[in-house]
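Chain nomenclature is as follows: A, B, C, D, E and F, assigned in order of appearance, with residue numbering initiated at 1 for each chain independently.
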Amino acid sequence: MSKRIAAFGEVMMRLQVPGHELLSQGSLLKYSFSGSGVGVLSALARYGHRGSLVTRLPANPVGDAALAGLRRLGIDSEDIQRGGNSLGIYFLENGFGARPGRVTYSGRAGSSFNTAPPGAYPFAELADKADAVHFCGITLAMNEGVSRAMKTYAEAVKRRGGLVIFDCNYRPSLWGEGSYELARPHYEEMLQLADIVLMNEKDAIHILGMNTVKEQREEQLLELIPAVAARYSLCTVAGTHRVLHGDNRHSLRGYIYKADSFAFSDTLTFSVLDRVGAGDAYASGIIHGELEGFDPQHSVSFAAAAGMLAHTVEGDSPMASEQDVFAVLAGTVRDVQR
Amino acid sequence: MSKRIAAFGEVMMRLQVPGHELLSQGSLLKYSFSGSGVGVLSALARYGHRGSLVTRLPANPVGDAALAGLRRLGIDSEDIQRGGNSLGIYFLENGFGARPGRVTYSGRAGSSFNTAPPGAYPFAELADKADAVHFCGITLAMNEGVSRAMKTYAEAVKRRGGLVIFDCNYRPSLWGEGSYELARPHYEEMLQLADIVLMNEKDAIHILGMNTVKEQREEQLLELIPAVAARYSLCTVAGTHRVLHGDNRHSLRGYIYKADSFAFSDTLTFSVLDRVGAGDAYASGIIHGELEGFDPQHSVSFAAAAGMLAHTVEGDSPMASEQDVFAVLAGTVRDVQR
Amino acid sequence: MSKRIAAFGEVMMRLQVPGHELLSQGSLLKYSFSGSGVGVLSALARYGHRGSLVTRLPANPVGDAALAGLRRLGIDSEDIQRGGNSLGIYFLENGFGARPGRVTYSGRAGSSFNTAPPGAYPFAELADKADAVHFCGITLAMNEGVSRAMKTYAEAVKRRGGLVIFDCNYRPSLWGEGSYELARPHYEEMLQLADIVLMNEKDAIHILGMNTVKEQREEQLLELIPAVAARYSLCTVAGTHRVLHGDNRHSLRGYIYKADSFAFSDTLTFSVLDRVGAGDAYASGIIHGELEGFDPQHSVSFAAAAGMLAHTVEGDSPMASEQDVFAVLAGTVRDVQR
Amino acid sequence: MSKRIAAFGEVMMRLQVPGHELLSQGSLLKYSFSGSGVGVLSALARYGHRGSLVTRLPANPVGDAALAGLRRLGIDSEDIQRGGNSLGIYFLENGFGARPGRVTYSGRAGSSFNTAPPGAYPFAELADKADAVHFCGITLAMNEGVSRAMKTYAEAVKRRGGLVIFDCNYRPSLWGEGSYELARPHYEEMLQLADIVLMNEKDAIHILGMNTVKEQREEQLLELIPAVAARYSLCTVAGTHRVLHGDNRHSLRGYIYKADSFAFSDTLTFSVLDRVGAGDAYASGIIHGELEGFDPQHSVSFAAAAGMLAHTVEGDSPMASEQDVFAVLAGTVRDVQR
Amino acid sequence: MSKRIAAFGEVMMRLQVPGHELLSQGSLLKYSFSGSGVGVLSALARYGHRGSLVTRLPANPVGDAALAGLRRLGIDSEDIQRGGNSLGIYFLENGFGARPGRVTYSGRAGSSFNTAPPGAYPFAELADKADAVHFCGITLAMNEGVSRAMKTYAEAVKRRGGLVIFDCNYRPSLWGEGSYELARPHYEEMLQLADIVLMNEKDAIHILGMNTVKEQREEQLLELIPAVAARYSLCTVAGTHRVLHGDNRHSLRGYIYKADSFAFSDTLTFSVLDRVGAGDAYASGIIHGELEGFDPQHSVSFAAAAGMLAHTVEGDSPMASEQDVFAVLAGTVRDVQR
Amino acid sequence: MSKRIAAFGEVMMRLQVPGHELLSQGSLLKYSFSGSGVGVLSALARYGHRGSLVTRLPANPVGDAALAGLRRLGIDSEDIQRGGNSLGIYFLENGFGARPGRVTYSGRAGSSFNTAPPGAYPFAELADKADAVHFCGITLAMNEGVSRAMKTYAEAVKRRGGLVIFDCNYRPSLWGEGSYELARPHYEEMLQLADIVLMNEKDAIHILGMNTVKEQREEQLLELIPAVAARYSLCTVAGTHRVLHGDNRHSLRGYIYKADSFAFSDTLTFSVLDRVGAGDAYASGIIHGELEGFDPQHSVSFAAAAGMLAHTVEGDSPMASEQDVFAVLAGTVRDVQR
C-alpha cells in the first residue's frame, strides 16, 4: 500500500566526467542532482510510494534545474523551499580497476540548504503530511543551524506519531579533528528520536563509543547492535558489510535486527558501474520492507538485492522497480529482456 | 569463391540509449538499422560474397536513412522496394552485470515490410538472381501476408535450384497464447522447402512437437536433430547452446549435423559487449562454410568464432572479416594490432 | 492566482537529429516528449499554475521515460493512464536557411493514446478537478474513439462549469481527401462546447465553410471571427498571422477578439531556433491572460511575446517564465544576464 | 532516364572540429569522406543516376571506412582499387561571421590515390561501363603519375564515345610558383578531350592566358567563354560568379554557354552552413541537365539552386533530391515540412 | 619584441550548457577556465609575449584541471599558488535572438583566490619578473583581503618601474547597495598607481563621481577622459562603446586617449557567437599596441578588431593571432582559408 | 628534488574512435597528441620534474593544437621547433575481449619531425639545459636524417655529462625485411652513448644477436642483461615481462639491473582500459627512481605500479602523481576517494 514518505536533506549537484577521463583531461561534465534523501525517495517512488523532499534550493536557474531533476525522478516538489544562492557541488572522476574514483567537493558550506535561516521550513505542518520521514547523519555534520532544524523536524514527526528513520551515514572527512567526540551527542539526540536506524558495528564503536572484546566484524555486530537497539528503544536496526575486490567487484551482505533477532541476506558479489549512492538503495529496501510489513528475512534480502542493483545504474539515485528487485531475488541469470 | 546471396526480412530501426543509462534517464539515442537478414548479409559481405536484401522500406527520410545504413554495411540495395509508412523500431537499454538489458518494440505491426501488399516483390525474378536465400522464422510470426510472401519466395528459390536457408529463430513473445501449435504448420512448410536449417533440440521439442526421454540438452540434440533432418530431408542442420554467466560473460558451443554425423565447436567463453544479433553471425559462419565447402568441423569452429566476435562489436550486424575469424581460430591472445 | 488546468491530448516522442544533419547522415537522435497539451501545460506551469495531463502512456520503459519527461517539465502526472504498447513518434530534421526542416511521423495510429478503449479515463471525476481544460483539434483527426472521448470530456467540463479551451490546430495531412467536409461536424461539436478558441480566418473559411468577399487576411479576420464567436457563443477567440522570411526569420502578429472587440499585438520579427510547438506558447499566453484577468491588449501582447520566445528555445515545450515574457514586453535589447 | 556516370578522383578524409572551436581548443573531430568526384556522384545518385567512383583506397581500416562512407552516399564501389597506405586528410575549422574557416591539408602527397602505380586501373574496361565520366583539375596538380592516368582515362572515354566532363577547379596553392605556366599544358590537354567544362573567365585569363580589355567580370565572361568553347570544340561550358558578404551569406549566379548562346540563373543570396564542396553541387546540376536534356535556362537555374542547397547541408557532399531542388525553383519560402 | 606580462586575478570555472538548452533541459556542461587576467594573457601569448598568471588554485583535481587549462592557452603557470578548497564557478546558458543568455555564479566568495591569506604571494619578487602587470576592477569588489593584495602588488610593480595596467571592469551586481560610494576609494587607489587604464565615460561619472552637462556619450567621453587622465597622471586611457542590436549582432567602437589626443576605431558591426570575455580582447589589443609602440590609431583599430574576433570564438579567452587581427584590418571578406 | 629532463622524439596525433566502434561504423574521433617522449615527460612532470620536449611541429593549426596539448600535459614547449607540413597520425580502434584493438598509421614518413633538415635543432645548447635526456628506438627506424640527429644530440649530452636514457622500443613493422640486421648498428651506437637503458632479453637476442641456451624468459634475462650492461658499460638496465590474458587483463613484472644485481617487482595483474603508451610509464618510473636515488627494489616496484596505473587512464600519456603510485604500492584496495 502506497505510503507518504518525506526526506529532509541536501540536494547536491553531481558533476561527473563522462567515461574514464580525469578532470584535467576532459572538457565535458554530466550533471545530475542527488543526495541521500533524494536517493531514498527515488527508490521508494519506484516501489509505489509518494515521496516528497524537504530541502532548500536557490531561486535561480541552477535551482530550477535541480527541481526539474528531482521531479524527473518521481519526487514531489511541493515542500521544497527556494532561497539562498547556490547548491553544494561534487565533482566525480570515475575510477578504473586499480585506479580509484575521486570525489571533490565544492561550495557545500555556502549552499542554500546549509544556510537556511531559522524558520525556513514549516516543520509542524510537514510532520502532519508524512507517514515516515528520512533523516541522514551527513546533515548533522554541516553546521549548527541545519543540525538544529533536523532535530526539530524529527521531534515534530515523533510527536505526531510518524516514523523517524535515521541513517547514521558517518563521514569522517566532514567532522574534522576529534570528530567522534564532536559527533556523538548529535547522533545520540537523533537515536533517541528514531524508530528505524541504518548503521553497523563500526558506528556503535566509534560514534557511540561502545566496547567489545570481539575481533570479527560479524561477532561485534551480533554483540553491539542489540545493545544499541535496547539503549535507544529502536524498532529496527539494519545495515551492511561491504568487501572490495581488486577487479571492480564488490561484495555486500545485509543484516536487519528486529524484535530481538537478526536476519542476514546472502553475500552478493557483483560488478560495479557506479558506486555513489548505493547505500541509500539498501536503506530504501529496508524502509519499503518495514512499510509493507515484509518479514525481516524478506526485507533484508530485498534490500541487499536493491543495493546491488543500484551499483549497476548510472547516477546516484536508485532506478530499479520492485519488480526488478524481485527478479534478482528469483535468482536466474538473465539474457536481454525482449 | 564469391556467391550471390539474398535475404528476405524486415529491417528494424534500433534506437539504443548510449552507455548504461535507462530511457528515463537519458536524452540521446544511437540509431542504426538491422535485422536477421541484414546481419547475415553484413557478415557474408565481409567474407567476400555479394549480398542483396529483399525487403520494403518507406519512401521517406527514415527509409532513406535505412537504405544508406544498409549500403554502408556493404549490402546491395537494388532489390529493395519502397512503400508504406514506417519502420519497426526497437529501443535498447544496455544492461550491466546483474541488471539485464531491455528491448522495447514499437510500431512493428504497421511497418512497411509487414504491410507490403501481395505482389510487392518480383519473387520469380529475384529467385533467379541468387545462389542462396536466407529466411527467418521471425517473419512467420508477423502476419499472414508476409508469411505467405516468404513461402512464395522460398518455393521460387527451391524450384530454380537455389539454396533455401531457414533460421527457426522462434520468439515466444511474438506468437502469443498457444503459440507452438499456431507456429507449427508454418515452420513445417518452411522446413519442407529448406536445405540448411538453423535450430536446436528445443525447437524440435516445442515447435515440431517431437518427444525424447533424454534429459540432458546434448543427448536430446543427438537424438532429435537427425530425426528432424530425416523427416524434412535437410542437407545441413546447425545451431548453438548458450550458457549465461552472472558476470557479463557467455559461453557458446556450436554444432553442425550433416551427412549423418555431428561436429561440435569448442565451448567458447567470452565477455559480451553487445548481445543482440550475435545469432546471425553464427548462422553466417555456417552458411559461409557451406558455400565454400569447408569440412563440417571447420564450418562449426568458424561459425562459433564468428559468433563470439559478434558479441564484441557495437550494433547488431557482424563486422568481422574472414581474416579476423581465422585469427581467433589460430588461438593466440593478441595485443593491440599495429 | 494559481489555477488548476488540465489538458487532454497525445504525448509524442520527438526524435531530433542534432545539429543540421539529415537522418541519412547522422547516428544520434535527441529525444524528448511533447504534444500540444504538453506544451500548454509546460508554459502554464511556468506562469505559476498547476497543470495535469490527461493522456495514456504505455506501461513499458518508453512510457516511463515519457512520464519522467513530463514531470521534468513541471507537469503533474497523477491523471495519466498506463496501457497500450507504444507512443506516436516523430522524427525531426532541422532545416537551415533555404532548406526547410522535415518532420516524419511514425506509428501514430497504434499509439497508446489513439488506441485507448472506451472508459479508459474517469472523465467525470477529472472534470471536477480542473478550472479549465485544453483540447486540441489534432485529436479530432485521429479516430472515432479518441474523438468521442474528447467530446465526452469537454461535455463533462462544460456541465460542471469549467472552462473549455479549444485550439483548432487543423492539419490537412491528417484528414486526407475531402478533408474539410470530414472535419467540419467534429469541429462544430467542439465549438459548441468551447469558451476560448484558438483559430484564425482560414479555419473559418475552410473548416467552417464560411464565405467572405474580402481578399486581405486582416479584413477577412475582422469580418469572420465575430461571426464565428456569435454563432458558437464563444467568450474569447484568438490566433496569429505568421509570415516566413527566407533567412530563418519569422514575423508573428497576434489577435484576440473578446466582448465584441479586437486587440492586436505588434508584429514581432525574430530569428527562429526551433519552430515546432511555438503555437502552443501563444495559446498559453492567451489562456494565462484569461485566467488572470489581463485586459485583452495585455493578453495578446503577452501571448505574442511568449510565442516569440518559444521559437528561441530547444524543444517543443515553452520554457519561459512570466518574468521572461514581461522582460520582452519591456522591450530593451539585452546583453548576457549576470 | 537513369545514366551510368563515373568519376575519377581522390577521396579525402575530412576531419572537422564540431561546432565553432579551433583545433587547439577541441578534443573531437567529425570524420567523413569526400572529394570532387564523390560530391558529383552523390548528387547524381540523388537525381536517379548510377554513379561509380574510380579511385584507389588503402587496404586497411581507414580504407574500409572510406568505402563504407562512399556506399552510404549511394555511390557504387565496384570500380575502386585497394592499395597504398593512406588517405589524404584535411582538417576543417568552421569560421563564424568575421572569422573565416580554415582548411589544413595533411599527407596528401603520399595518399593511395596519388601513389597509384601505372596500370593500377583498367581504364579501357572502365570506359566501356559509363555514359559519362567526370574529371577534376585538382588531380592535374598532384603529380605526373595521376595526371597521366587521368588523361589516359579521358582519352579512352572519348575514344569510346562517352562524355568527358572536366571541372577546371584550379587551386593556386597546389601548383606553387609560376603556377599558371606549369598548369596550362595540362589543362589544354584535358580541354581537347572534354565535352562539358566547368570554368569561368578567370580560368580563361589565368590558366589559358587569354586576353581581354573588358574590366567587368560579366563582360569578360561574355567575351572569353565563347572563344574557349570554339578553340577546344566544347559542347557546353558552365560556371558561377560568387560574392561573399560579411555576415555569413554568399551570393551565387550561374551561367551556361551552349550552342552559341548564354543563359544565366538568378542571383541567389543565402546563408551558408557548410561552404566546402558546394561547387560540385553546381557542376552536378549542369551535368544532370545535360544528361536529361533540360533546356539551358532550366539547367542553369537547377544547377544554381542545387548549388545553393549544398551550402545548407553538413559535409562536402550534396544531399538534395531532384524534388528538393525543384521545390526551391518553385520559389516559396517554406515552413517545416510535415 | 616579446615582453613579460603578468596578470593578477581570479580563475573561474565556466560551466556552459552546450548549444541552446537551458540548465533545466540539458544534461551536459562544457567546462573551461577563464577570467579577466586569463583572457588578457591568452591574447598576449598569441601576439608573441610571455604571460604569467598570478593567482591561487586549490590543490585538488579541480585545481589541477584549471592549471592544465591555463597552460593549454599558452599561459605560464610557475607563479600560481596552490591552496584553499575551490574555484568560483559560473554557469552559462547561451541566449538566442530575443532570448538573452544567462550567467549564474556559484561559490565565488569561498574560492581559493578570494580566501588567500595575507602573504600568500611573493609580490616583491613577482614585481621584478614582469615588464607589465594587469589588474582588474572585479578583484576590488571581492573582499578586503584580495583588494589589499592587489594594491600591494600594484605598488610593488610601480616602485620597480613596471607598467601598471588597470581595467576598471565595474560590475554593479558585485558591489551591492550604495555601490558607487563603496567602490570609489578603491578605484581611486588603483588609478593613482596605474599607467594604462581601460574605462569609459560611465566609469568617470558613476565610479569617480565626475560631472558633465553633455548628454551624448561621445561628448561626455571627450570631456571626461582627459580630465581623468590628468587627475591620475595616466599615460593611456582606452575603452569602447557597445551597441546591441536585436538580431544577435553587436556594434563596437574603440577609443584611445594618449598624449592629449583621442583616436577612434571604425564602428564594427558583427554577429556574436560568444559574448563573455570579449572586453579582455580589446584590452589586450591596447596593451599590445602600447608594448609594441604602435601609433594610437593603429592600436585602437587593432584592439577593436581583436575585440570583434573574440566574439567569434568559443570560450572566454581570445584565440586570434596577431596575423588574424591584421587580416581583419586588411578588410576583405574572406572565404574558407585553404 | 626537481630535475630538468628533456626528451627527443616525434609527436603523433592520436585519432581514436570513442567507445568500441570500428572506423567503418563511427563518425567521431577523439584526438590527442602523444609519443614516447611525450609520455615520459608527462609522467615526470607529475613526479615534480621539469620536462621539455625537443621535437618539430608544423607551423599550422595542427601544430598549434599539438603545442597546446603538450602544454596541457605540463610539458615545456620552449625547445620545440616549428616547420614542415604535418604530423604523423595514428588511428586507434579499441578492442574488446576476444577482439584486439587496431592501430593504423598514416603519413608518418612525411611528418615535420621526420623531415627536419640538418641543423634544425641547436643540440649543443639543448644539451646544456637538461640533467637527462630521453631517446627512443622508434626514432632510429624513421630515416637516416632523424637517426643521425638523435645520435648527435645524445653525443652532445654525453659530452656535457648529462644522463643519456635510451628505450630500445623495437618495432618490427617499422624496420621491414631483414630488420634486425638493419637495426643492429644503430642500436649499438646508441647503447655506446647510453647510461640508462630500457630493454629485455628479446632485444638482446634479436637486435644485438646475442645467444643463450636457456629456454625460459627469466633465465635468458638473468644471463643476457648483465652481458649487455658489461659490453656497453651501462649504469642501469630495466624492463618488463608482460603476459596477456584472454579477458582484457594483463600481467606485468618489472626488473632492474644495476651494480651487478637484479631486483624484480611483484607480478601485477590488472584490467586494461588503454594499452597504448603504458611502456613509457614504466620507463618513467625507473627514470624517476634513478633521478631521486631510490634503491633498486623501490625503483622497480614504483615503475611497475606506475606502469599498471597507466593502463587505467585514457590516452597514451601517464597521468598518475607520485602520491597515486605510492598509494598503489601501499596495497589496499580502495573505494571512491572523497
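In this section, a residue touches a chain if its C-beta (ideal position, glycine included) is under 8 Å from a C-beta of that chain, and two chains touch if they have at least 3 such contacts.
Since the structure is predicted, the reported quantities are computational estimates derived from the model, not experimental observations.
Novice: Can you tell me which pair among A-B, E-F or B-C shares over half of its residue-numbered contact pairs with C-D?
Specialist: Repeat of the C-D interface: A-B.
Novice: Tell me which has more C-beta contacts between its two chains, B-D or B-F.
Specialist: Of B-D and B-F, more C-beta pairs in contact link B-F.
Novice: Provide the C-alpha centroid distance between chain D and chain F, rounded to the nearest whole angstrom.
Specialist: The separation of the two C-alpha centroids amounts to 45 Å.
Novice: Which residue numbers or ranges of chain C touch two or more of the other chains?
Specialist: 18, 22, 24-27, 68, 72, 102, 105
Novice: Please name which positions on chain A make contact with chain B in the complex.
Specialist: 18, 72, 270-273, 308-309, 311-315, 319-320, 324, 328, 333-338
Novice: In the complex, go through chain B and note every residue touching chain A.
Specialist: Residues 19-22, 24-25, 92, 95-103, 105, 171, 173, 244-248, 275-276.
Novice: Touching residues of chain F toward chain E in the complex: what are they?
Specialist: Spelled out, the residues of chain F in touch with chain E are 67-69, 71-74.
Novice: Taking the complex as given, what residues does chain F use to touch chain D?
Specialist: Listed in rising order, the residues of chain F that touch chain D are 15, 18, 22-32, 60-62, 64-65, 67-68, 85-87, 89, 91, 93, 102, 104-107, 109-110.
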